[in-house]
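Next up: some structures, all given as structure tokens.
The same chain A turns up in both complexes below, where it pairs with chain B and then with chain C.
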Partner chain A sequence: MIQLTQEVRAGWCLVAVRGRADSAAADELESALRSAVEQHPKVAADFSALDYISSAGLRAVLQAARAAQERQAEFAVCRLSAPARKVFDMSGMHHILRIEAELPC
Partner chain B sequence: MLTLLEEAVLLAVDERSGQLRSAREFGTAYALVGALFFDLALARKIDTGTEDVQVLDATPTGNPALDRLLAEMAGRPEIPTVRDWIEAMFQRRDDLEGYALASLAERGILRHEKSKRFWIVNVERFPLVDSGPQQQLKARLAEAIRTDGIPETRDIMLVSLAAPCGLLECVLSEAELAARRERIRLLCNLETISRQVTDAIAGLDASFRHGGATAAQSLR
Partner chain C sequence: MSGSEFTFDGDLGELERLAEEVEWFCEEHGLSSDVEFDLNLALEELFVNAVRHGGCAGMKDAARVRLERTDDGVHVEFSDRGREFDPAAVPAPDLEASMAERKAGGLGLHLVRNMMHDFAYRRAGEWNHMVMRRPV
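== the complex of A and B ==
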């Protein structure tokens, strides 16, 4: 189960992700992040309340970041929860994604 | 659309001779098993964590090679990790290469030729009938490696399968591959399945080296 909320603050669209980003939620996650990227030039995904992220969830984040790259939009993943950090570290996502300790605003 | 298994095997076909490049046979076997897992993941039949694998939906895909693995995984929950499944499938030595070649022939991409060398030795070749799919495949992989952007999911998966068994050598020159070594390593590390395939191949190489060293010592 995943919960997604969105707010705009200081020019950034903040997408807060709560719960489990697994195969069942991957489409919803990718679609929310892509939609944010299509509507805003700066998008930050807040992963502080993410309990679990599977390979399908990681692919969703990567493909949303790819869409941001194509639109030349800024995209950052912020405040990784401990379980998300473990997965991101293991897969070396910091080499390919912008990862921040705090929200940009 | 071709499956990743078919794409991996198509990449291994030498476009001039029609012969299969299997420079590291066991490595290629591991990579083909990895391709099956990726195909199941893309079909949303399985999902993976950092090591574990879960069957999400055991209903058949319509592809016999995928469905055989899917049914087996659904029936054997006692094997919980990707690595254990890769080893189990590797031990079984299904003819995944033969299955993918037959499928590529059926799609009109290549044909199967059998002949005899010196009237005795059986020789099999798979000349390309339509070179377009292989050229497109190589172009996609070259783009994924040469640029610093985020590639499509399928291209990340295929680079990560082709790299550990030497198949990227038919995509880019040795010098280009050397110059982009870090980029390739980065792409290979992104997916749990390819990390486990790479580890399995490294484990096999280490056991060969150990076996070689032991044999050399016994000859002294």
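== the complex of A and C ==
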């Protein structure tokens, strides 16, 4: 189960991702992040309550980051939970994604 | 010796039960959430590969998992009835490639190889059979 909530604060669209970003939830995650990127020039995904992420979840994040790049929108992944940090580190995500310790606002 | 065995149909809806079985196994053996995470991830990646790329979609009893707590960790066996496929033969992804150059595949198996030790593959009849160990 994945839970996605969105709020706009100080010009940023914040998407909080909670629960499990597995292969069953990846499409839902990708479309939530993509639609945020399509509607807002600055998007931050909050991964502080993400319990689990597999390669399918990572691909969803990468697809959203690509969409942001095409639109020249800002896209940051913030406050990685310990499990998310582990998977991001193993996958070299810091080479291609903007990863922040805190939310932008 | 205390092993646990599970069987899964070739349907991504089974991922929820896979996660539950791993959780119960880890609870029963007093294993940390870190171990649970790695076991869950490795099994999801192998299972999803078999369903999406191995031809297991829609197959009854497509995959079997066996977990056993041993002196040096958790012994993991994963078997599926998909096409012959040795995950160890898949090249590692280029982790320093730019976003545009990054290829979609290979990341899941890369994670499995990083988290699991002593990975071995063999084809036995209609089954792909993989064994590995998560050190504890």
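Going forward, the second predicted complex is superposed on the first by the 105 of 105 C-alpha atoms of A that agree within 3 Å, B and C clash if a C-alpha of one lies under 4 Å from a C-alpha of the other, contacts with A are read in each partner's own complex, and residues count from 1 in each chain.
The rule is simple: contacts are C-beta pairs under 8 Å (C-beta built on N, C-alpha and C of every residue); 3 or more make two chains touch, one makes a residue touch a chain.
From a predicted model like this one, the values you see are computed outputs, not experimental measurements.
Placing chain B and chain C on a common chain A by superposition gives a clash between them.
By the touch criterion defined above, A:66 lies against chain B and chain C together after alignment on the C-alpha atoms of chain A. Looking at the shared chain after the overlay, A:20 reaches chain C, while chain B stays out of its contact range.
After overlaying the two complexes on the shared chain, residue contacts for A:91 are found with chain B and with chain C alike.
Look at A:58: by the touch rule set out above, it reaches both chain B and chain C. In the three-chain superposition, chain C clashes with chain B only at 185-193, the remaining stretches of 95-103, 167-175 or 185-193 being clear. Shared interface residues of chain A, touching chain B in one complex and chain C in the other, are 22-24, 52, 54-56, 58-59, 62, 65-66, 69, 86-87, 90-92, 95-96. Within the complex formed with chain A, the residues of chain B that make contact are 41, 44, 47-50, 56, 149-153, 156, 186, 189-193, 195.
The part of chain A that touches chain B in the complex is made up of residues 22-24, 52, 54-56, 58-59, 62-63, 65-66, 69, 86-87, 90-93, 95-96.
Chain A makes touch with chain C in their complex at residues 20, 22-24, 52, 54-56, 58-59, 62, 65-66, 69, 83, 86-87, 90-92, 95-96. Against chain A, the residues of chain C that register as touching in their complex are 12-13, 15-16, 19, 37, 40-41, 44-45, 48, 95-100, 102, 104, 107-108, 110-111, 114-115.
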